[in-house]
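Here you go, one structure.
Each chain gets a letter, A, B, C and D, in the order it is written, and its residues are counted from 1.
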Amino acid sequence: MKKLLNVSRRDALKAGAAAVLAMPFVSRAWAQAVEINMLAWYGHGEPDMVGAFEAANNVKFKPKYYAGGDNMLALIAQSPPGTYDIILSDAEFVQQLNVAGLIEEMNAADYPFDDMIYDDFKQFPGHWKDGKLYSMMVRCGHLGVSYNTTAISEEEAKSYKCYWKPEIKGKVGHFDWHLPSLGQMSLLNGNGAKLWDVDEAGWGKIKETTMSLRPQVGGYFDYGGTFNGLKNGEMMAMAGIGDWITGVLEKDGAPVKSVVPVEGGIQWTESYSIGKGTAKADIVKKFIQYMLSPEGQAVSAQMAAYPGFAITNGGRKALNETNPKEAQRTGQMDGAPNDPVTLIKEGRIHYRDIPKQQTLEDWNDFWQEYKNA
Amino acid sequence: MTEPLVVFENVVKRFGNFEAVKQLNLNVHEGEFLALMGPSGCGKTTTLRMLAGLEEPSEGDIRLAGKSLVGVKPHERDTPMVWQSLALFPFLNARENVEFGLKMRGMDGVERKRKAFEWLERLGIGEFSERDVNSLSGGQRQRVALARALVTEPGILLLDEPLSALDANLVIRMQAVLTKLQRELGITFVYVTHSQSEAFAMADRVVIMSKGEISQIGTPRDIYRTPANRFVAEFVGRNNIFSGRVNKRGAIDTEAGTLHVDRKLPVGDFVSFVVAADLVAISLSKPKERNVIAAHLISEEFVGSMVTLFFEATGGTEIKVQAQERALEGILRTPGQLLYLSFNASSSHVLKY
Amino acid sequence: MKDDITTRWLLRIYTAVIFIFIFAPILASFVFSFNSDRFPTIPLGSFTWHWYVTAFSDSDVWSAAEVSILVALSSALLATAIGFSAAYTDHRYDFFGKKAFLVLALLPPTIPLVIFALATLGWLSIFGASGKVVSIIIAHTVLCVPFAMAVIRLRLNQMDPNLEPAAWNLGATEWMAMKSVVVPFTLPSIVAALCLTAAVSFDEFAVAWFVSGLNKTVPVIILEILTGNIDPQINAIGSVVFVVSISLVVIAQVLVMGRIKKPETV
Amino acid sequence: MSEHRSDNSAYALAWRLPMILWQGLFFIGPLIFMIAMSFFLVKNYRMEPALQVGNWTKTLSRGFFWDSYFLTLWLAGLAVIITTCVAFPASCFLAFRVSDLARRWAIFFLIIPFFTSYLVRIFAWQVILAQQGVINAGFSLFGIGPYTMLNTKFGTMIGYLTLCLPLAVILQTFSLANIDKRLVEAAHNLGCGRLRTIFTVVVPLAKTGLIVAAVFCFILSFGDFVAPYYLGGSKPPTLSIMIIDTSKSGQQWPRAAVVAIMMIVTMLVVALTAIGYAYRKRR
């Protein structure tokens, strides 16, 4: 290692500084820091998110990353109880976690419900059961049409129909998870607020619409692939994602953008739960409190892996103070035309949910079939 | 009377369905040099390996100094062996190779080193004691192997074709080394070889084996002069073999003519007898002997002062004659020439039939 | 053999192209690891240590390295020990079911890693042994045994079959002969097998990914970066891993070459 | 040959048993468990032991399973053909036209890739092959392109070649170098043209090695998920991607097991047939 880092003096200094900075951190982590096992989407356990908290509390997060709620349930199911101390799940899967008895009850008084930016968020579906709190919403974001501005105009991007644009044949990508992509197809079919609640006929139509997109499709990607595909110009449009991907690229200077089209958009929502049987409930609670504090919310909104919206007034304020540019870009300013809260209020945003009349398995099976078509 | 040093009693060795050794009965006496000889696959090596414990007999008993060896592990016997491949340990130097047996017996380092060196000296390779065995010559390696086997001062030494990889000159030299050692140490040598010259040059007694059975046991001279059967006679090779039916007068009608032996044989029987090549006389004119064969000279072969002449008699019988070069003076020897061969009836030896 | 110059040169160039193809990604990864662009293209960006600094100031990478080293060493030791015993058994013994024995010993590399990973995860979780460092060690040992066995078996092939009997003949028990003859003789191949299996384990990702749970190895971190926040840290980590692995291989190779140079004529 | 070869002493068993126990417990055990698992039931994302054929009927009755099956077979077959053909001239060169020392070095260099992370190499290819990647940037200097190479079957093939080519060249070189060169010269002397010599003398003599190399290529590409995923855009997914998908989303381990068993059976059939063919005519 040392030899590799010894070439130019300035670089050596830089590397040395980094090593010095890292070493106490590393050695402390190895010494006696309490380890917190976290199950989350990619990025939540990275230093930009948890570094400050780790340093202040002498803890060390050990993250296991997943992609997609089904994947998360699968990972939990195959681990012994108590493996994960803290679970970041998509809001629509909280209910399943709860039914399966995988998460602890939480005390509502511990968290800043009064400061929530939008009333819905206080009583998010599935987070409460029989008046008891089981999960704490921490951030959210919107999914819509994500596109390369050199291939699709702003006008075209106002509808999901732009995926079928002949010029981008073979350059439409999918985020490899059935819920967001099929949800978008449901919206395109005009199901609006009932996008998850479709009968057999409606489900058949969704499948039909989706299949008609197949010739346009250039690939199915995980988080990294999605990111890569849009950035290096392999994909001109990506279904099933939103600003959480394009935001990172936009900040990096790529000509990509996400908008909520006229058919409506989908909101992804992430919530923290405390793993059943954990011995570290107190420090986990403290961490969730931190993430909901103005400081934590500002960090979360600017998460390096993918950005999200702050969901407390305090968090929004903190973001505006620390990074007004980002606040402006994402519309997180009171009165902005693309203020996420405004979009929700206008009825253009629907919370992501699980299928009501079909099982997840039905959707997943179709997704497999679609990929193999 | 005390029992011989080694006794093989009705020993049978099978490999699957193949009987490598059949009903072997053999005694090896203390202090003798015994050679086991035979063509490959005759069971001689298997016999030796059974003595070393590398094979267990399928049936019968082997006793060493009166104690049965059946079930005794190789390392519990004191029967060191010199291997055809030498089997020196390539990762040890010459001295360490010699020390091996002492080390296994738990002898302490200093004593071990001293003894090993002593033996290397004794065999004349003391100066190579720290050399890597791979860097030694064939003869030197041979001596290391000997020293390694003898350093534990055993009562018996087994040798499995130890000289077969050496060139002719070296073989003669090593034969001298071996016989001298055996005489000095006074221990028993059991020597397996397929080479007649090695066996005859060194052994007190020779055991000829064929197809898992003993064909003959005897001194080299016995075996040479009076082979027990046709196999031995042919294997020994320096014999002329004649076959034919006994006629009314008691002589034998062979393809080379009617010949006489000094034994009464039943009329009409088909018999074979041998005449050693060095007991056949050659003359230019027909001698007044009872056994005379006219034959054409085919070729001759020199080994030192000895000449072997190859003749073809009538009926195509090949006859070998061995003589001192000096004894042949005055006899013209051009290939194709007709000469008269003769031998005394008492020089013949009738084979079992 | 007569050979016109054109064919000769065509073949040379062709072979060179094949080697370029094989080494392109390896070299590219080295170059990219020092390149400032996140998505390198021509012309290249400026020189930077940034990706190394980022990667190696991440404590996750360090703990993954710790796990990887622990796993590589343990499975190399286990696999070499088991591989040695299997090679020795094959070399010396014949017994009922020997063919099945050999099939069992050599089959693992023919099963796709994904399948083996799936099966292992299911199997180990019955015993509650999944998601632990020891699970990776177990699975990697299974994968490495055939390699260790093959290397050691080749060496045993060169051993005079009388060497071991010679030791017994000189008073060594079977165990003593093993210690003082077989092991010293096969030592170069044992070291080579250790290096080889350690390197195999150090690079394996599919099985480690499935069974590792929270105990990530370095390749699992690489896989996670690849599926997650793709960036040239991969190249930096990969380059360092490469240097480590290749040192192991070179050690193994030197031992093997050393043996070729100094032939043991029985 | 000797008595000791078939003994069952404690010593013999001490060397025989470790491998049997370890590989039996941790290799055969998992595979058998996987077969059992394919009959299990999944309820609420948890597996429950059961004996029902639903997973088999459900998986095997899907059209897309078979599409994917034949696609994987086709891709792996294509990879075998391409690898074999691409490697062969280079192997001939290394086997017949260079010194022993040069060959040893070449083999050494061919071993190096096995010790670099396959993932890292694939990532490098991603960057090299991208629309704005190194190759297309090179093309643009000549005013051509850009060509789409990533997320195509071409990309998948590049990945398979990355995986198989070094091994194929090594194995082919070994088998070719073992041919008795006098036979080749004899063929030349008998007036056999160079190409004809290769196909009538060299290939039949090296057949076993060539087939073994091909079988390894098949096994590697048939089971690989990285190349079709990261370079082929899983479009459409191969069986190994399907295994990961089914196990990842929906916790359908039993169905993944079904796919896995189908893969193992296929591979064993292909490998045994090929190996049988490779060794049969030699006798």
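In the analysis below, a residue touches a chain if its C-beta (ideal position, glycine included) is under 8 Å from a C-beta of that chain, and two chains touch if they have at least 3 such contacts.
Predicted, not measured: the structure shown is a model, and the values here were computed from it.
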Winner on C-beta contact pairs when A-D is weighed against C-D: C-D
Identity of the chain that, by mean CA position, is farthest from subunit C: B
Identifier of the chain whose CA centre is least distant from the whole-structure CA centre: C
Chain centre separation in whole Å, for subunit D relative to subunit A (CA means): 37
For subunit C paired with subunit D, centre-to-centre distance based on mean C-alpha positions, whole Å: 17
Length of the line joining the C-alpha centres of subunit B and subunit D, rounded to whole Å: 59
For subunit A paired with subunit B, centre-to-centre distance based on mean C-alpha positions, whole Å: 91
Shared interface positions of subunit C, touching two or more other chains: 39, 174, 226, 230
Multi-partner residues of subunit D (at least 2 other chains): 4, 130, 132-133, 230, 247
Multi-chain contact residues (two or more partners), subunit B: 54
Residues of subunit D touching subunit C in the complex: 4-9, 11-12, 14-16, 18-20, 22-24, 26-31, 33-34, 37, 86-87, 89-90, 92-94, 96-97, 104, 108-125, 127-128, 130, 132-134, 136-138, 141, 161-162, 165-166, 169, 184-185, 188, 194, 219, 222-225, 230, 240, 243-244, 247, 253, 256-257, 260, 263-264, 267-268, 271
Subunit D residues touching subunit A - in the complex, by the definition given at the top: 44-47, 62-65, 67-68, 126, 130-133, 148, 150-151, 230, 232-237, 242, 245-252
Parts of subunit C lying in touch with subunit D, wherever the complex brings them together: 1-3, 7-8, 11-12, 14-15, 18-19, 21-26, 28-29, 32, 39-43, 78, 81-83, 85-86, 88-89, 92-95, 101, 104-105, 107-116, 118-120, 122-124, 126, 138-139, 141-142, 145, 149, 174-175, 199, 203, 205-206, 219, 222-223, 226, 230, 234-235, 237-238, 241-242, 245-246, 248-249, 253, 257
In the complex with subunit C, residue positions of subunit B that touch it: 52-54, 73-75, 78-81, 83-87, 89-92, 100-101, 103-105, 134, 148-149, 152
Complex interface listing, subunit A residues touching subunit D: 67-68, 70-71, 73-74, 76-78, 96, 99-100, 170, 173, 176-178, 217-221, 225, 228-229, 232-234, 360-361, 364-365, 367-369, 371-373
